[in-house]
Amino acid sequence: MTVASIPKTQLLNIENLAVEFRTRSGIVKALDQVSFSVAAGETVGLVGESGSGKSVLSLAILGILDAAAQITAGTIAFEGDNLLTMPRSQLRAKRGTGIAMIFQNPRVALNPIRRIGQQLRDVLIAHGGLTKAQCQTRALELLTQVRIPDPHQRINAYPYELSGGMCQRVMIALALAGRPKVLIADEPTTGLDVTTQAAVMELIRDLGREGQMGTILITHDLDLAAQYCDRILVMHAGHIVETAPTRLILTQPRHPYTAKLLAATPDPHKRLDELTPIAGHLPDLRGTLPPCRFQSRCDRAIPDCDRAPLKRQAIAPDHTVACWHPLPLSSGVES
Amino acid sequence: MAQQSKLRFIIQRLLAAIPSIIGVVVVTFILTRALPGDPAVFFAGPSATQEAIDQVRASLGLDQSLPIQFLRYIQDLLKGDFGESITTGQTVLYDLTTRLPASLELTIAALIFALAIALPLGIVAALYPNSKWDHLIRFLMTAGVSLPTFFTGLFLLYVFYYRLNIAPAPTGRLDLLTSPPDRITGLFLIDSLVTGDFEVFIQAFCQLVMPAITLGIFALAPVARVTRASMLAVLSSDYIRTARSHGLAPLKILWSYAFRNALLSILTTMGVVFSFLLGSNVLVEKVFAWPGIGSYAVEALISSDYAAVQGFVLTMALLYIVLNLSIDIIYGMIDPRAGQ
Amino acid sequence: MTLSLRHTRYVIGENAITFGAFLLFLGFVLLAIFGDAIAPYDPLASNASLALNPPSAQHWFGTDALGRDILSRVLVATRLDLGIAIAAVAASFVAGSALGVLAGYWGGWVDAIAGRVIDTIMAFPLFVLAMGIMAALGNSVENIIYATAIINLPLYARVIRSEVLVIKTAGYIEAAKLSGNTDVQIMLRYLFPNALPVMMVHISLNMGWAILNAAGLSFIGLGVQPPTPEWGIMVAEGATYIISGEWWLAMFPGLMLMIAVLCFNLLGDGLRDLVDPRKRT
Amino acid sequence: MISLDPPPLLSVDHLRKYFPTARRSFLNRDAAPRLLHAVDDVSFTLEAGESVGLVGESGCGKSTLVRLLTRLLDPTSGEIRFEGREIGAIAAPKFARHPLRSQLQLVFQDPHDSLNPRHTAFDSIAAPLKQLGGFQASPLLTARIEELAELVGLPAALLSRFPHQLSGGQKARVGIARAIALHPKLLILDEPTSALDVSVQAVILHLLQDLQARLGMSYLFVSHDLNVVRLLCDRIIVMYLGQIIEMGPTDAIFDNPRHPYTQALIAAIPDPGTPPQPLQLQGEPRSPIDPDPQVCRLYGRCPHGVEACTTTTPHLEPMGPDHVAACHRADVLNPAQLR
């Protein structure tokens, strides 16, 4: 099934995606009206507080959500094919080869009782076309590619014998095994040390450039996203509220939430009194929600904000905002 | 390097079993010294004089202080001397070695029965949590562990032997007319196959079915429960999600990733399962007149045959320690992290 | 508070079986208290002319080889069977938790000694150990309680020890120390109460097992002695008649035993849901 | 450092904590027990009213140091002086009822984990007041707790709630209220915001700054995030593998870091204004178990390592006013190349 109207350069195209979770205390609308696309060679940052739906989105793209979750609307098109209507076996074939993912907490994301090499071979065999000997060579190649020292020795190691940073490199090697076109990195540096974080991010960036992969970096750290991404999507309570090229979003945030997030994030040049907290917390995603889920925390909110439907709209080239009253363009901020 | 650490792990486990063995020997000694009745009176016979009794007491070493008695006891054990049974007139060691294979055969059969049913049920329940099947399996498991073994046995006998008459009479390992196969391992099923005596094999098999099921039902529940719980935990773990994200085949994930990891917790509960099996053995053997060491112990208890009881408790405990030790070692084989 | 109440109600609503088990449990408690009064006949009165009568309008559960009314015996036995189990579980719970909390919190030599004691008990198949203890101590109701308590001790000690090992690393235990709580206060006010919910589950599951254990001992002739009405003995007495067709002798006490154990096990399952809903899914 | 009249609030002298890693077994009875050097010869002082940041990556010994200083853990050797009184030698269980207990308090990393799930916010804040402050359950206690709640910005209505009914920020406030209940002179903050979202982090940082101004406490702010530490602290201590490798005023550390590790830490802070810095360190940290006393612990990862780094461990040397660093090559390295 082909979704029309998708430019050929876009690898991944998500339209109007909605995900709900059934829980004991009601239905949680985890994602709503989520649309974006990723092109080859591009790095997109998906930024938001915990509970904003970032990880749900990544699992939904790969089709590995919990049984309690349900995709209630939308399409996820990979190279023009809708993953949501695809037969299971075909979808499985896309995992790893079309879209691959690396997870947070790499130590627990690897099978603890299987050697690194075995896990790599499992993935290589699943993607098919390789003999046993070729698998071994390719596994070593992958470990070298992710800059693991002594790959010949490490290939026989168990995850517990490796440091967190090394485990994350193994995760990246596993993800690269199928030569994916899109790589989703879900908080890849959470739980890693600052210096290791830099090394892992550099590796992800370089591999993306070499392989012309589209990369989605999911993070709560706006600074990190700003440093490594071409474009940033800001998520709040299951909505994407603003998208723009990195430079633009840092200097000209138009959604009040983005502006507040920027103001609350410490960076090397801010003093404590320049750090402004965001009032309130994420709304309860159960029950009926207002069209703008930021309304209760927004100091610009007026009764008029209740208007539906609120759609994300382009307000400048490459810049979209889901807000009835976006912040005005400030001319002098450009640094 | 890895081989060496495995070997070291096994040796460590073996050494760790030593305190347990010492503990078992001490407890068994204390228990038997506390047994009611004076064994000297027993051995001397009903019409013995006080002098004769004292003589017997001295020859048994019962006039010595407890520590010395303990040392003697250990000496005897090391020589393989478990004493003599009053009821059978044989050495306890002889009785135990002739009867142990019967108990083992029953226990192993029950274990195979329990695993063959419980593992698949546990996996199914974990794959479809909170489904109708899951609820049904969970209820059946709870019911299974609530069944008193001796009652299950009687119930099965009533239905399948008395009512339906498709099961053989509870006459032990063979019916009264069949003679046992040549003793090789002592396990009738294996011996009869080795000697090619298929009639005996079928006989022994039919006799074994009901007691084995009775015993197995009690072990079903713990195995299925743990299988379900650990499969659920493993299936929701991060590394399963990783495996799925790489497009591995569902069966590959289920077997190489989920089940192998779940097996670790299943193995750890096998100790409890064996405790159940060996304990319930006694009850099942009584119901089915199974000539194992359990029924031997029950008879010995009734006639205050202290050497036999002591031999039985000791054998069971040692058997159990060996089983636990094997579980530990198998665990170490599967989990590379063990012993680190 | 209201939240946990709502949760309880939710769990009961969701899990009718648990609620049924709870009602059944209340029934057993009433039976244990009023069993004597309800019983239609004297459970010990024998009458040779009525021997081995099948269930009838006069004797709902039939009569045994001595002509005693099985229904009356089954009802009266409830108090003894439950009493043994409750006493044994209470004893092993108290001793086991004290041992477990101390061993888990202090570690070191306390843990080493407790560990040795527990390992030694656990080195025996538990029923076999109970047999050994009964053989040594002699047949009496108290001794069944002791034997059952001893073989259950490791369960409680181990569970609470491992709970304590987890809880002890929680920040709030360090916070309690910073607030000036002494070790004993921490054990009593912080560790034990937080380990209690998990223990409740084990108590309930263990009750069933304690009943089975006591009945099993009586079945092989250790423990309660005839003519005292007790389910295990009654099954044993009826066992020989099964293969000649007099099923009611063993069946009714056996069923009663099974229902009691099932009741506690179902209750334990339900409690598990209540204490930790995540363990279910 | 020279004037000694009032002793510093806290002074730590050659503090060490070694953990045995493996018990000796039957098999290798002769092997010396392997020791993990969690805190290895650490000395520093902290003045009254001062805020000091303690920075380092996981496994550098920050948490152990915090537990030694708060007297939850006994040191292997060395001294901890609080207002001139040696407290390091008092066994941890005994310190629970020591008069100085209330003066030295801790705010925990995980606000959820540090609250007893069976206690309400009120109970949690009341614990130190009852145990150490001599308060009984009384209107006085209630008044004091409400006062504290107001001080940390916790609505009094939330005091009757259990931890699972509070948000992360609210739990953090309860934790802070409990820690300051008895007016401690030194408050140790163990990564107080690392479990919080940025939106809440800013609130808590503001609150901490405000409290310090109002109550005149000293802070030891422990974090792995230099970016956050910078906001609150006058001085920064950098730890690596159990040792202090650099220490100095915040500005000096940021603008003129002299140890290659500090330089790497600062370079690794993501800065949206600039492209990522090239990587400063390679490889993995050395093992903290029985480290070679002659070798610099950064050797092998350090891009500037020379022969001397493998023969003598560098010691802290003055680098500027109040600024010390432990590196043989500190003079040669040009911090101006950074940023």
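Structure notes:
When the chains are written out, they are named A, B, C and D in that same order, and each has its own residue count from 1.
Here is the rule we use: a residue touches a chain if its C-beta (ideal position, glycine included) is under 8 Å from a C-beta of that chain, and two chains touch if they have at least 3 such contacts.
All values derive from a computational prediction rather than experimental measurement.
The minimum number of touch steps linking subunit C to subunit D comes to 1.
Counting C-beta pairs in contact, the pair that comes out ahead of the other among B-C and A-D is B-C.
Separating the CA-averaged centres of subunit B and subunit C is a span of 23 Å.
Annotation: 33 Å between the Cα-based centres of subunit A and subunit D. Centres computed as Cα averages put subunit A at a distance of 52 Å from subunit C. Put simply, the C-alpha centre of subunit B and that of subunit D have 55 angstrom between them. Residues of subunit B in contact with two or more other chains: 129.
In subunit C, no position touches at least two other chains. Put simply, subunit D touches subunit A in their complex at residues 57-58, 167, 169, 197-203, 205-206, 209, 224-228, 230-232, 254, 264-265, 267-273, 275-277, 279-281, 283-284.
Against subunit B, in their complex, subunit C makes its touches with residues 17, 116, 119-120, 122-133, 135-138, 208, 212, 215-216, 219-222, 232, 235-236, 238-239, 242-245, 247, 250-251, 254-255, 257-258, 261-262, 265-266, 269, 279-281. For subunit B in complex with subunit A, the touching residues are 129, 237-239, 241-249, 252, 256-257, 260-261, 264, 334-337, 340.
In the complex of the two chains, the subunit D residues touching subunit C come out as 67, 70, 72, 92-93, 96-97, 101-102, 105-106, 108-110, 113-119, 124, 127-128, 131-132, 165, 175, 178-179.
Considering their complex, residues 19-21, 23-24, 26-28, 30-32, 34-36, 129-130, 138-139, 142-143, 145-151, 154-155, 157-158, 161-162, 169-170, 229, 232, 274-280, 282-283, 286-287, 297-298, 301-302, 309, 312-313, 316-317, 320-321, 324 of subunit B touch subunit C.
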